[in-house]
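Shared between the two complexes below is chain A, which pairs with chain B and chain C, respectively.
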Partner chain A sequence: MNLYFNQISAIVWKDFVTELKTRELFSSMFIFALLVILIFIFSINLSIVKASEVGPGVLWVAFLFAGTIGLNRSFMLEKENGCLTGLMLVPADRTAIYFGKLISNFIFLLIMEFFILPLFMIFFNVDLLAHIGSLATVVLLGTLGFCALGTLLSSLSSNLKTREIMLPILLYPLLIPIVIGVVRMTGQILEGIPLSDMMKWIGLTASFDIIYIGVSIMTIDHILEE
Partner chain B sequence: MDQDLEKEPDEESTVLIWLTGIVFFAAIAAIFIIVPTEKTEGPIQRIMYLHIPSAWLAFFAFFIVFISSILFLWKKEREWDIYAHASAEIGVVFCSLVLITGPIWAKPIWGTWWVWDARLTSTLILWLIYVAYLMLRSQTDAGSMRARYAAVLGIVGFLNIPFIHFSVLWWRTFHPQPKVISSEGFGKGMDTSMLATLGVSLCAFTLLYFLLMGQRIRLERLKDEVDRLKRQKLYSS
Partner chain C sequence: MESHENALEVRHLRKAFGVIKAVDGIDLELKQGEFLTIFGPNGAGKTTLIKILSGLTKPTSGTAKVAGFDVSEGNPEMRKEIGVISHSTCLYADLTPLENLMFLAKMHGLEEPQDRSLKAIDEVGLSQRRNDRVRTFSRGMLQRLSIARAILHDPKILFLDEPFTGLDLHASNVLKEHLKKLHDRHRTILMTTHDISCGLEMCNKVALQVKGKFAFLESIEDVDRDQFEIMYFDAVRNNQFVMGIGTRG
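Our next item is the complex of A and B:
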């Protein structure tokens, strides 16, 4: 068991070192998310609509789009120079590769979100600090679900010829339930409703996370097979 | 193998073709001649006898995709991959029919082509998932990789249905409450002749599913056979 965790942390560590050296993933994700938010601000009239109503949707669309860039990058990096073949030759369980990738995607996304949220607060003039605890829970649950399914599908789409196009086409319809859930929850949080009043949404998102991590563990062997 | 391919479709599918034809004829007669016109909605309500069976068939086809995908990953036999592929294609066709007949029915009754109601939304999402499934299949070359990837997506996609259902249900809904199977019991909300017509129509569509499945599977097997012969020819010359 200890060995298994070492393998996972080695993969995560490798991704971090690569990112620290190149710094291309984080900057592109951050700037892209910022651009998405700006485009939405230009396309909606903020003096007519309530910021707490459209804000959550804009925020999560930005996270989703920027996250897709991260996911596309994550396995493409491994495809270049045959790194993925190297990873698969390691006498490690295939699920270790999945979890390593899942964790590094998750952390990259969380860092990006951490920097986007203050900007969102300023642009939309909403107070996030008052409900920071419940907001953090929702962001963690939503991002985990996105990464669980996203890592599985990006490992799959990285082998296709049209990988950048296929990943969103495969991923977005499957993510709709969780997107509806987190946008609803974020909206309610901004209106000051406590987290205990939206247990059904939390249950939905949490079970989405658990089921898709489970399915990924069961099926990743069939995807990473040469 | 060769004899098998030639003989098999003849006997079984001739019976099935005739049976499907007869039941479909009965269904059409029942829908347009026998069944009384609904009091409030008028003749447009007859589209229900095509709308509901199409929806049933789409869900059934996607369920078969799910089962075949699991069996493929478990047993790794080409047969299950063929079943999943054939069923997904049929499912997408009938899911499209649901999305077409729905607005035609909704326009005179609700006054609008489309509303973001729970069942419409979930059918649309489902359609998108399985169109993506077919796109994935067309993007990859034939072989074990395509079959494995498609099987994973077939499983992941079907498991998404409960999540879609609850999320869009809590989001908003104003579809007519289920009338055939309601909390009051089976078929309480409908007239007997209407229920019978719906039953015949459901039968006809289900038979059509098996007919199309049989044809599609045979086509795929013939494709495999052609590939095999091509390779044989290539290596022997």
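Our next item is the complex of A and C:
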């Protein structure tokens, strides 16, 4: 069991060392998310619509689109020079490989979101600091679900020539329950509704997080198999 | 491992991709410490055979036992016993040799990963470049690092898929020396190559694989080198006609 966790942490360590050297993943995700928010901010008249109504959708579109770039990049690194084959040759359970990649993706995405949220607060003129605890919970739940499913599907699509196209086509429809949950909850948080009044949405999002992780554990062996 | 007489046992192994039979009924036994070189034209199924034996792909039918483990079961314990050098280097281009090998050592659960990695890098003569990114390495250096990667965990069985491809004379000699050392240490080696002199020089068993089957499998003592060369070049020529790139009328 100790080896299992060491293998997961080794994958996370390797991804972090690579990212610290290249800065490719963070910079591409951050710039893309920022561009999405800027495009929306110029196309929405905030004197007509409330920020709490349109803001959550914009925020999560930025997170998910930027996150998709990150997921594609993450598994492309494994395909380069046949590194995924190398990973398949080590005495590791395939789920350790999945969890290692999941944790890396999750942390990278959280870092990007940490930098995007203050900019969103400024551009949409909303006070997120007053609800930071509730917002953090929602962001963690949403990001976990996105990464759980995204890591599985990016490992699947990494073997395809059209992986950049296939990943969003496979990912977004399956993410709908989570996206609905987190967008609703973010909107309610911006309106000052406490998290305790959103247990239905929290339950929905958390359930899908668990389902996606469970499905990934059951299928990753077959997906990574050539 | 010591309890199994045969390092490798293959029975009626088949692998088909649709109608194409990449491996078509191969039988093979290798004892611990034996060195088998497999020759064969492109598309003969040599790489597929190595992929099956290393557990990267499952056979369509037949059985293969490596170090006593059935390859179809995908037992991680089997992967502790094997080292693989394939066409790809399996190295992270933005990491240094030391970081690459330390990562691998951690994945193998080896004690003192840094010391083991430094020793392996030293063995392949890359100590001076241990902190440079792999991306900056030549083909020969990459291949040497691939050897270090494959032997880091001191496997009992090595699968080498055309390891001499793209190497200059010096790098080729370095690789040969390493393979000889490993063979002297009683490691079982299965190598595919197109380099007849290299392949015959080091092995104690020779096979010729054509269209997924072993057309020839003998001990090196029973091989007439000239006749084998004729047989090999005939197989390559015939294969070119099959593939539509032959030049003979």
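In this section, the second predicted complex is superposed on the first by the 226 of 226 C-alpha atoms of A that agree within 3 Å, B and C clash if a C-alpha of one lies under 4 Å from a C-alpha of the other, contacts with A are read in each partner's own complex, and residues count from 1 in each chain.
Operating definition for what follows: a contact is a pair of C-beta atoms (placed from the backbone, for glycine too) under 8 Å apart; a residue touches a chain by one contact, two chains touch by 3 or more.
Predicted model, so just to flag it, every value in this text is computed and none were measured.
After overlaying the two complexes on the shared chain, residue contacts for A:I132 are found with neither chain B nor chain C. Of the two partner chains placed by the overlay, only chain B lies in contact with A:N159; chain C stays clear of it. In the superposition on chain A, A:I39 makes contact with neither chain B nor chain C. With both structures placed on the common chain, the touch criterion links A:E225 to chain B and to chain C. Using the contact criterion defined above for the overlaid structures, shared-chain residue A:V49 touches neither chain B nor chain C, since it reaches no partner. Touch criterion not met for A:I31: it reaches neither chain B nor chain C.
In the superposed model, A:E80 makes contact with chain C only, not with chain B. Residue overlap on chain A between its contacts with chain B in one complex and with chain C in the other: 225. Residues of chain A touching chain C in their complex: 3, 6-7, 9-11, 13-14, 17-18, 21-22, 77, 80-83, 85-93, 221, 225-226.
Considering their complex, residues 149, 152-153, 156, 159-162, 166, 169-170, 172-174, 176-178, 180-181, 184, 200-201, 204, 207-208, 211-212, 215, 219, 222-223, 225 of chain A touch chain B.
Interface of chain C with chain A (complex): residues 51, 54-58, 74, 76-80, 82, 84, 86-95, 99, 103-104, 106-109, 133, 149.
Interface of chain B with chain A (complex): residues 73, 125, 128-129, 132, 135-136, 139-140, 145, 148-149, 151-153, 155-157, 159-160, 163-164, 166-168, 170-171.
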